[in-house]
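Both complexes below contain chain A, partnered by chain B and then by chain C.
For the complex of A and B:
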């Protein structure tokens, strides 16, 4: 008893001042979540530094009439001239139209190919492992390497594509792939589809493997044929995965820069100039940082709207 | 247990020491050895000839300035403008500023390049008759030193010309006849695989403009006059555009290739004539053994010949006065008679200095007289692809010229109509 009496008073006075010193008792149940915030803080600060701060600078710059800028330089007067110029610029609307066309064409083609190949390699057959490898291969090839390969395939004078078309008798003369607006758009779209469809394929495959086999067995008992099983079981069960995949694919097409820049630079006659290419050109070729920031901000808003619409829609239409 | 623990500790200590010796200590020793580091960013670091010349200047500078090191970084030409803009915008510009002659104006206009006049005066550097130096004046101040003003050369494949039964062209009419006769489908697969000439028709506006300018100059056309007034809508420009359209529309040049690819095709024996700057020669030298003897050089068939400013050196205005002085010392070495002479030998190019001794270069580069001749002819005619009065808007202007020229070719437009459109758009840019 005596021992207890002597130990207890000596323990309490030592620990109490320590708590008061830090002012934060993370052991208390009501404050345990604070530890989570503390652990997250470095990551949040880093993200704020490398994403939110530049975003803020970009938005701020879009409301200034600036060319080349220097960090820390005095702020120019507030103006909406960049947005006014943007709205009245045919070049901007052309870039919006090209971006939209590219999104529609590339996303649809990626989904048709991706879902098709995903379904194919989900079946059991000899050489399935190799087939899966080939389906995923374009995804693994670095983008810049893929673009250089396609640049040579579509080369107007010495490319494989022209040789192939002439040998097949599809054309009489060579196609100037990067000097003709329609051909250039097609070349860019094909390259993007080749690079982008494996992602859809991999996501589809992952989604297919999570569908319980019982669903198909029950459908077979009810006499459903393959097409009915696909429409009524596979597709609805894949919808959550496909919805997210579609958003990611659209955002990828929106953002992609290197494929277009290396293949066509946005030409000819701006036929492949998307909003990302326009932003880059205005900033680093024409040194119009304010105007480029305005294009960037509009692109960001469009991306947010598109992803919000897609995520909302796919979430509602699942089960 | 204790022994194992000690062993682990010892191994860890050795590893840490090795790491420190490899990286940390290495860095520290460098920092102690060099009290000061000057930053120099260039796209020419790995270029054969000219890269060696820059290396020799750095060596000389470091020998003359013990304790000062030059940190020489290579940035690809394609990403150079972006990188330099970012460095300046972030407040960390290189001390020695290397820029292309068509891009320094934006930096100077922004006040990012120091006035070199006090340094020039103090060091008594004579820039009279320095080729292209007048282009380095900005708002009455000398903001850079011209490092190359070149004259164009015509390289041709003698064997191709012989087989086509034509001789080396001396004017536009002969040139177009030669390129038409040498453009062929040699293996009969329905695809042209040999071209009369070669031009970059892909890529940036600046290079596109450089490719077409020979035809415009020969037709006596210019984008602006000496006062900076736009002079595109003229019969001379219409004729120049018609010539460019003929060459591209008739597929007398391979399409959609970069200038580098075109040069390589010439070296591979697939192009009969290539009009280019002095940098074509090192590529010719590396041609296949069976092609190399056929590749010859001559004066371009156009008058005035292709030519113009290439690149400049300057000093960042916001670095410390001490660093500015050191950067000037670097420029002083590069512009000295001795190093202007070695520029001719190492880079096989015409140095801008009139005092450079090119005797050695004439021995090592057989066509050096031709380079001097075309450089002088181009300089005399004031040839430059950067139009007076449109220096700041050059990239935008070049893009516009490229687009309208492409439209002329794709939509088969009348060059007269295209010249009118270009005139209106160029005037709107000013």
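For the complex of A and C:
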């Protein structure tokens, strides 16, 4: 009984002869969902091997006092020392604070730039297809290449940024972008914004296109001006898309590794050390794998909580 | 709506200015690559080199094993995309067409997997791969990149399959096709653009990875990927900016070409889940 209900009703074959034509008789509704499981099996197996099992290993490791990982070695006794050390370590709270600052700065800037450019190229003008293509081009630049670009622009002796600042009269002497904590944070933020805003403009454009033209026509008939149309139609219709985009942007900043690691390595004085960087440093510079796993697990939990808080129950329907 | 000419002109100005500022870093990368090395150590900077140094590309290829790095990146991307597409075509189809017990929760788990920080997963994977003797081998990053691609491609493909009407399979089955036959002969051909876009996006994901390559391949120079190779050209004190820029251009080029040709599909895939 139940089996029949679990099958998509539209899948029920209409004609009896069609059922008989194949050997395994997979078309019979009762067997059909076995086919579904069969198709799912390779993916489940692969995910179990390369995601779930490693995840289990790292949670397990975070509760052991281990240095280098040795899977064959006997399990160390259960301990919460990694988490205790974490809570009491100023480095961890510093990393939390840096992560938080970076998320706020980068997300706001990405949204201003991304929504702005999205609205701009959504206007009707000749050549807007090309403008759309170009406005989001940094999306297609690999992160490492973006790092190369901005490491050179922020170079302390011959970089463009220092020259530009001095030319404008903003500073008298060259800024040492990568040895001053505030400047290094700014350099990281600029690089991330440049790499991150195109995603917001792409999503904004997609959201704008899904707003029916009728809405605007109706508003015009009612005498709404451009600003009112924007506030009362465009923004509310964009909100769901922007909500998801914000979560994805925040998660990206949370997890990003390559931009910060290659640009500053988390320094100077840990001014750009986010939780991701701290996880990696602890694991592969200091070989404290247990401790690093604890940081990673906390990062993951924060990621999940953050995304749940922001999208809440609508998360499932949106995805 | 007729737009007044002045408004149109203002719009063009705005678009050109915005694109100019936002794309300037890309322009600057190319110009840096084409500038002679000594002119980069002068201020004010030259925004157009007197003689573009096209020879720089030959120079860096002679000095560094860049073709090898690019080849490794391509191999890693092909391997991980191949594995990921194989499992996610079936899984995406299954999630789209069958209502299985546990199906939705599996879907949700896959979504959560997209949130996993690579820096968390890289630690246990390092241990596992060391046990298997895979550290330093391209297989390590092929498998690691699959952890990035599978969650993404399964959902993107499910989205594509959802847009294909079920009547197509029903018609095929009425005509005597088996369910699997209907999938292979009817649905997959129809979904080809979606499959191609998903595969290319997976390619981009693998191509852009640095964290896994840095961790698993650092001590195996012959297996370095392009991203890893480039970062080694950035010196502690002295960096030859024209050389590293030229290498960066070579690494960025394939992805930019993919983007320019497939922007519509990629955007469709990126936003597929978000609009519902």
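Keep this in mind: the second predicted complex is superposed on the first by the 282 of 319 C-alpha atoms of A that agree within 3 Å, B and C clash if a C-alpha of one lies under 4 Å from a C-alpha of the other, contacts with A are read in each partner's own complex, and residues count from 1 in each chain.
Here is the rule we go by: a residue touches a chain if its C-beta (ideal position, glycine included) is under 8 Å from a C-beta of that chain, and two chains touch if they have at least 3 such contacts.
Quick caveat, the model's predicted, so the values are computed rather than measured.
S.K.: Have a look at chain B and chain C on chain A after the superposition and call it: clash or fit.
M.R.: Here chain B and chain C cannot both sit on chain A without a clash.
S.K.: For A:270, decide between first (touching chain B), second (touching chain C), both and neither.
M.R.: In the superposed model, A:270 contacts chain B only, not chain C.
S.K.: Touching A:226 in the superposition: chain B (first), chain C (second), both, neither?
M.R.: neither
S.K.: Applying the document's definition of touch, where does A:163 land relative to chain B and chain C: first, second, both, or neither?
M.R.: A:163: touches chain B and chain C.
S.K.: Between chain B (first) and chain C (second), which, if any, makes contact with A:180: first, second, both or neither?
M.R.: A:180: touches chain B, not chain C.
S.K.: Touch check for A:48: first (chain B), second (chain C), both, or neither?
M.R.: neither
S.K.: Is A:67 touching anything from chain B or chain C once the two structures are fitted on A? First, second, both or neither.
M.R.: Once the two structures are laid over each other on A, A:67 reaches chain B alone.
S.K.: Thinking of the overlay built on chain A, is A:284 touched by chain B (first), by chain C (second), by both, or by neither?
M.R.: It touches chain B and chain C both.
S.K.: Per the overlay, which chain contacts more chain A residues, chain B or chain C?
M.R.: Comparing touch counts on chain A for chain B and chain C gives C.
S.K.: With the two structures fitted on A, what stretch of chain B runs into chain C, 241-249, 259-267 or 349-357?
M.R.: After superposing on chain A, the stretch of chain B hitting chain C is 259-267.
S.K.: Give me the intersection of chain A's contacts with chain B and its contacts with chain C, in residue numbers.
M.R.: Common to the two interfaces on chain A: residues 69-72, 155, 157-158, 163, 284.
S.K.: Hey, which residues of chain C end up touching chain A in the complex?
M.R.: 1, 3, 8, 11-12, 14-15, 18-19, 22-23, 25-26, 28-29, 32, 40-45, 83, 86-88, 90-91, 93-95, 97-101, 103, 106, 108-113, 115-128, 130-131, 143-144, 146-147, 150-151, 154-155, 166, 169-170, 173-176, 178-181, 204, 207-211, 214-215, 227, 230-231, 234, 239, 241, 244-245, 248, 251-252, 255-256, 258-260, 263, 267, 270-271, 273-276
S.K.: Which chain B residues qualify as touching chain A in the complex?
M.R.: Of all residues in chain B, those touching chain A are 81-82, 85, 88-91, 106-107, 110, 112, 189-193, 195, 201-204, 254-257, 393, 395-396, 399, 402-403, 406-407, 409-410.
S.K.: With touch defined as at the start, can you tell me which chain A residues reach chain B in the complex?
M.R.: Touch residues, chain A against chain B: 67-72, 155-158, 162-163, 166, 172-174, 176-181, 264-265, 267-270, 281, 284-287.
S.K.: With touch defined as at the start, can you tell me which chain A residues reach chain C in the complex?
M.R.: Of all residues in chain A, those touching chain C are 6-8, 10-11, 13-15, 18, 21-22, 24, 26-27, 32-33, 35-37, 39-40, 42-47, 50-51, 53-55, 57-58, 61, 69-72, 113, 116-117, 120-121, 123-125, 128, 131-153, 155, 157-158, 160, 163, 167, 194, 197, 199, 202-203, 205-207, 210, 240-241, 244-245, 251, 254-255, 257-258, 261-262, 275-277, 279-280, 283-284, 289, 292-293, 296-297, 299-300, 303-304, 307, 316-319.
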